[in-house]
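Taking it in order: structure first as structure tokens, then the write-up.
Order of writing sets the chain letters: A, B, C, D and E. Residues in each chain are counted from 1.
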Amino acid sequence: MATDHTAFLPPPVVSAGPLAWMRRNLFTDWRQTALTLIVLYAVIRGVPPLLGWLFVDATWQGTRDDCVANGGACWAFVSARWGQFIYGFYPADERWRVNVTFAMLALSVVPLVLPMVRGKGWIIGFLLTLYPVLAFCLLYGGVFGLPVVETARWGGFMLTLVVAITGIVGSLPIGILLALGRRSNMPAIRTFCTLFIELFRAVPLITVLFMASVMLPLFLPTGFSLDKLLRALIGVAVFNGALMAEVVRGGLQAIPKGQYEAATAAGMGYWRMMGFVILPQALRLVIPGLVNTWVAIIKDTTLVLIIGLFDLLGIVQAGVADANWLSASVTKTGYVFAAMGFWILCFSLSRYSMYLERRLGLGASR
Amino acid sequence: MIAMRGVNKWFGQMRVLADINLTVAEGEKLVICGPSGSGKSTLIRCINQLEHHQMGDIVVNGIKVDAELKTLDLVRRDIGMVFQSFNLYPHMTVLQNLMLAQVWVQGRKRRDAEEVARHYLDRVHIPEQADKFPAQLSGGQQQRVAIARALCTKPKIMLFDEPTSALDPEMIKEVLDVMTELATEGMTMICVTHEMGFARNVANRVIFMDAGRIVEQGPPAEFFSNPQSDRAKLFLSQVRLN
Amino acid sequence: MTAPVLPPRQIFWTRRRVKSLVVQAVFLGGLAWLFYFLFANTTANLQRQGIASGFGFLSQRAGFDVSLSFLPFTSDSSYGRAFWVAVVNALVLSALGIVLATVLGFGLGLARVSKNWLIARLATVYIEIFRNIPLLLQLFFWYFAILRQLPGPKESLVLADLVILNNRGLYMPRPQVDQSGWVIMVCFAAGLCMALVMTLRARQQRLKTGHGPKCWFWWPIGLFALPLTAYVLSGASLSFVIPELRGFNYRGGMLMLPEMLAALLGLGFYISAAIGEIVRSGIQGVDRGQVEAASALGLGRRDIMRLVVLPQAMRIIIPPLATQYLSLAKNTSLAAAIAFPEIISIVAGTTLTQTGQALEAITLAMLFYMSVSLSIAAVMNFLNYRVLRHGN
Amino acid sequence: GTMDDIKARGHIQCGVTQGVPGFSNPNDAGDWTGFDVDICRAVAAAVLSDADAVRYTPLSNTERFTALQSGEVDILSRTTTRTLNRDTALGLNFAPVVFYDGQGFMVRESSGITSAMELDGTTVCVSAGSTSELNVADYFTANNMTYEPVRFEKADEVLAAYDAGRCDVYTSDLSGLAARRLVMQNPAEHVMLKETISKEPLAPAVRHGDDAWFDIVTWTVYALIAAEELGVTAANIDQMKAEGSPDVQRLLGSSETGTGEWVGLDNDWATRAIAAGGNYGELWARHLGPDTPLKLARGLNELYTNGGIQYAMPIK
Amino acid sequence: MIAMRGVNKWFGQMRVLADINLTVAEGEKLVICGPSGSGKSTLIRCINQLEHHQMGDIVVNGIKVDAELKTLDLVRRDIGMVFQSFNLYPHMTVLQNLMLAQVWVQGRKRRDAEEVARHYLDRVHIPEQADKFPAQLSGGQQQRVAIARALCTKPKIMLFDEPTSALDPEMIKEVLDVMTELATEGMTMICVTHEMGFARNVANRVIFMDAGRIVEQGPPAEFFSNPQSDRAKLFLSQVRLN
């Protein structure tokens, strides 16, 4: 299109420099200038004290009295409770099991996130099938000569991860089945799945957890009791399964009819068609939506504290109520610490989902 | 090979196939043409029961096909189909596309399946594209992969539903060439197409449909030079215009 | 052409259909068995242990008190009334939360697309912080780390002797109208309905015929003129009750409990972050040509936003906005963890424990949330289809 | 029955609080300790010959009864008040009372309040779903006073709310008040009012309908009380077994007519229960008495011989 | 009226306007044509600064335009613009569309604004559509409303960016008629358009652009009958074909 080479003349360097930039982006007119100044004032008034609280006046070692004296954040509290925050009441001698379990997870997730790695299907397969079994054996014990660690002793960040991962891994198959059921041409199954999905979408997770913790035991035959954590996990998985179903359904609807026809004409039945042709495509389409649901699941793990499990937030809350530490700065520090933990997890996941969205978006338009 | 007797099909209250009677002998090459909406696609889709007909009998290879799962399985095993929009599986490589049905429908071993797949890729002249994904291929290449995919299950009959109409002109030829080769090798073929050149050179018989009926049929030479019905005359004059 | 032939009546008992029916029958059978199994277990469990069942407890005396109630409630009231108290509390919290989240959220959305770098950046920081921290944690933070640390009644923070903030809550003057106050409320509600109906009718007529009556004046009439007339005619008198320190606490005036304040802040800030993103993407979803056409006409950025972009963005914004409102209403359940007396706290908490009737209590709680969800969904569908479906 | 399940399982499931010092509370090592915990341990020693064969399930107010009803726990040893409603409509069976308690009020000393009758217009922190919540409502109504309840489900949070100044008054069982005061920022700033507004007999509970198991729990508790009446302690038990009075010998199973058969255990069941943590008085002294941080006086919980009302049914 | 001197514009590294020099006198009617992507739209969008140029001067009505808000306001007040895709406000009636800028930019009273709006609706021959929403109108009607909307602020210059290319053939004429009327009344107009008939009849001058440059300009009669550059010859031959 550009025929003569002067067309390649580079653009002039626009009068740049910080002053021009500020004029364009901060002080465009008097209204913007006023706004900028007000906000700037607020930032200047707000941020240094915050940083001061977080770092300068903070106490890194010591007791409550040191914290109260210094007036800043009480990181001493966090470091004193570090083991509990991470492992809950898991016996100190057995904590390596937790480390191994989550190191395994990290090692398998890293290649999943890198775009150039091949064979992701195998890793996903491992994570969805073998890994949960292995993780359970390691954490609970009772096999390979590992002593049993009661689920009542699980807690802290470890429990948060357990709940989140079960929520994520468990809800996917449930979600897929429900989504397929909702699109089934058998009215009984379709109606059931629709009702099931809509029912769980209409109520808050906390009622489902209550149901799991106080109602479910009454439903079961006498003498047959499920572990409390297990019941909560079932509740979390089923609840999120219903949310997941809607995400998956979005993907199923986006698959062109021709794909169904090609598979049918090749003689594939329903399950083979779904398993090999439709679902792999549909799931790939909705990965960003799935990741966003995962962020929601991670945030929702905190609700288990309401039914008396000590996840990261639960254990922090119990910690700040400890008489040896009870004080305003400890309370704030505890919650700020938990908030940072969750924030890092959720923020990085949501950024990853945005990145995927952009990448998949580009792929589709190519 | 295929016999249709008094086949009728309705979509809702609209009758899209009306009293179709048609026999196709083994090795015969049929071209179906006709104006848009005349029921051509529906007709061939009834043969492998992507659409279920409501009246009349369709017998393929001695099996009376209906909506029963068993006969569906049997019939579809013998019929390969190629679509206008290729419908390759975008998440699989070309080779995986070709192997899928072999492995999971016919239960062939992976090794054998790959061999068969490579053989047919050779046949459609793109052996070097085996490991690419469909999106990386041109339309013509994609359609040739689709043909190879249909051939991999070694069907006795091939159905083509306007295989070239989604393609750019340069690519039409390469697909038609592959189809012509296939025809010369004796495959039973039913093609819905508006490629009159192809019909003239390859077909044993041309079927002209309008409003769900077979209005006229005959050898291509006769049909093109001397159409009987007014509808066909009109149609041919329009097609020649383009 | 032959005369149109109608399709034959379908043969019902094809084998395919039979198979599908069998599958469904087996499925339903399994389901029925499962339900029967659970039901039988439950009744057996209850019976063997002599646990009471049924909703009879709703008429029994509750025996406990609640800190916040918009209905008359004492410890002599029934469990049924306690349920309704909880319902109203949850609804009031939802409504206030929705107002707060919407106002904040739209502000954030606009700030996100602002040309002012500083403001856009700050809005981004706000959104990323508040939407990536669990709501429950935020509630705890507001309640335990902030409001809990406020001084007691004697050392309250006082603004102009009218607004008082301490660890017992936020006290404000309360407008007081005498007995005929309800007439004014009724007139206000009637006026609101009237204005809404007139606007919708006018709009529909215009959509159909291209001509429609003017309707804007119904709003001031309905919202102000009518209640004001009622106020004057009924001879009601308006005064303010100002809170004052008496005994241990402030008395009189309007009190917002710390539990409510924290719940409101938590819910409002959390959901506003989500709404901010929705508003931003709604604004960015409006065709660029619209902005260009408006700037070519010489409209300023603010006018373009107000007159051209936002009204169109609303069509993109409303469906996800409804989802957020729904999520807010459901999330009021978390306020139970900071002692706000809503459904979970009163029904699934105290009532359940005092009566021991877990099944009934949790069923009631779930029914409440389901009806809220259905109502919000219904209202939003109505808005979506009736009001916003014009233009292209 | 429950006994068979326990034998098959090898341990007892014991429902406890989510942490009340003195009654049931995890220690630094994460092991549960306290008065209520030791009751479970005594039962485990009697039944399974191993006081450590207990697993603890911390339960909130809301969960406690369903947990028992559904069989998630075998015994609810969790500062639970015995009431008619719970005994009947909730399907529980209560073992003998292990702690006679009453509900009281705690206020800040600086408030100048000395009597419960001065509490009109206060804000009261109370545990949701407890008998305290009902009692306080009745008390204020009966005395024509108003108050504003702040209700948390978790005891920790009720306490923290009061301690942080959210409420003027903290009400709970007296034992609970004493226990919780220990963990306040400044225990000395708080005083308990003299009034006791209710009777709070705290007792272990089991499921309705399993009489054999109910008997075992009931008589294990009586055995502990009887041991104190008879002067049997963990330290002297072996000696007493050999040379004690006939009553002692019968209790400890060393006489001819053993009691084991009657409760479905061997004759040493009571010996093991007592040896596990000592007699009733020893448990009291170890977890609640003057030498503990709680510094509770035994009061009604003294043996009937010392002016209290604790009284073991005859083990004959 | 308009003077451009050495105007250059880049999008990223791509130079889309290269050394544009152009003067437009009052009352002149200019038609700009050229192949797709040659920078026609960008050129006229620089005149009312919907795009900001990076080098050179643009003077409109004596005002040197740049990205400053003040000059933008002044300049845009004098220039009306009509887009290919109408860009009517779908949430307002036709009358409201026409009154918007009058009320909010020029501060006219509602009553006066409505009068002006109805006047221009008359001028574009659709007075009866005043209370409809844009979606209820045909494309031609919508574009005429867009023209009326631009006229309502009484601009001295009108810019048209392919005003007819999104329209069905029947509707093109009604829009061109309105534009011709406008031209005969002496409005200064710059049109990007491929309607050669319109250019021939109405324009005083035709500008031919390619690759961001003005390659050729002259009276339409001359340009159409005797283009100088090869590029223009090629372009004209292609345009005639369609």
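Basically, contacts are C-beta pairs under 8 Å (C-beta built on N, C-alpha and C of every residue); 3 or more make two chains touch, one makes a residue touch a chain.
Which protein is which chain? UniProt says A = Amino acid ABC transporter permease; B, E = Amino acid ABC transporter ATP-binding protein; C = ABC transporter permease subunit.
These figures come from a predicted structure and were not determined experimentally.
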item: Pair of chains joined by more contacts [C-beta pairs], C-E or C-D; value: C-D
item: Identity of the most central chain, Cα criterion; value: A
item: Most distant chain from subunit B by Cα centroid; value: D
item: Cα superposition angle of subunit B on its copy subunit E, in degrees to the nearest 5; value: 175
item: Most remote chain, CA-based centroid, reference being subunit A; value: E
item: Centroid distance [mean C-alpha coordinates] between subunit E and subunit B, Å; value: 52
item: Where subunit C and subunit E are represented by their mean Cα positions, the distance between them in whole Å; value: 49
item: Approximate Å spacing (C-alpha centroids) for the pair subunit B, subunit D; value: 83
item: Centroid distance [mean C-alpha coordinates] between subunit D and subunit A, Å; value: 41
item: Residues of subunit C touching at least two other chains; value: 45-46, 48, 144, 148-149, 336, 348, 352, 358
item: Subunit B residues counted as touching two or more neighbouring chains; value: 69
item: Of all residues in subunit D, the ones touching two or more other chains; value: 62, 66, 69-70, 157, 160
item: Partner subunit A, residues of subunit B touching it in the complex; value: 48, 50, 69, 73, 76-77, 79-81, 83, 85-91, 100-101, 104-105, 135, 149-150, 153
item: Residue numbers on subunit B that touch subunit C, as the complex places them; value: 8, 10, 13, 15, 18, 54-55, 66-69, 211
item: In the complex, subunit D residues that touch subunit C; value: 61-62, 64-66, 69-70, 85-86, 88-91, 111, 120-123, 128-130, 133-134, 136-138, 140-141, 147-153, 157, 160-161, 164-166, 168, 207-209
item: Residues on subunit C engaged by subunit A in the complex (per definition of touch); value: 20, 23-25, 27-28, 31, 38, 41-42, 44-46, 48, 115-119, 122, 128-129, 131-138, 140-141, 144-145, 148-149, 330-331, 333-334, 336-337, 344, 348, 352, 358-359, 362, 365-366, 369-370, 373-374
item: List of subunit D residues in touch with subunit A within their complex; value: 5, 18-19, 26, 30, 55-60, 62-63, 66-67, 69-72, 156-157, 159-160, 163, 182-185
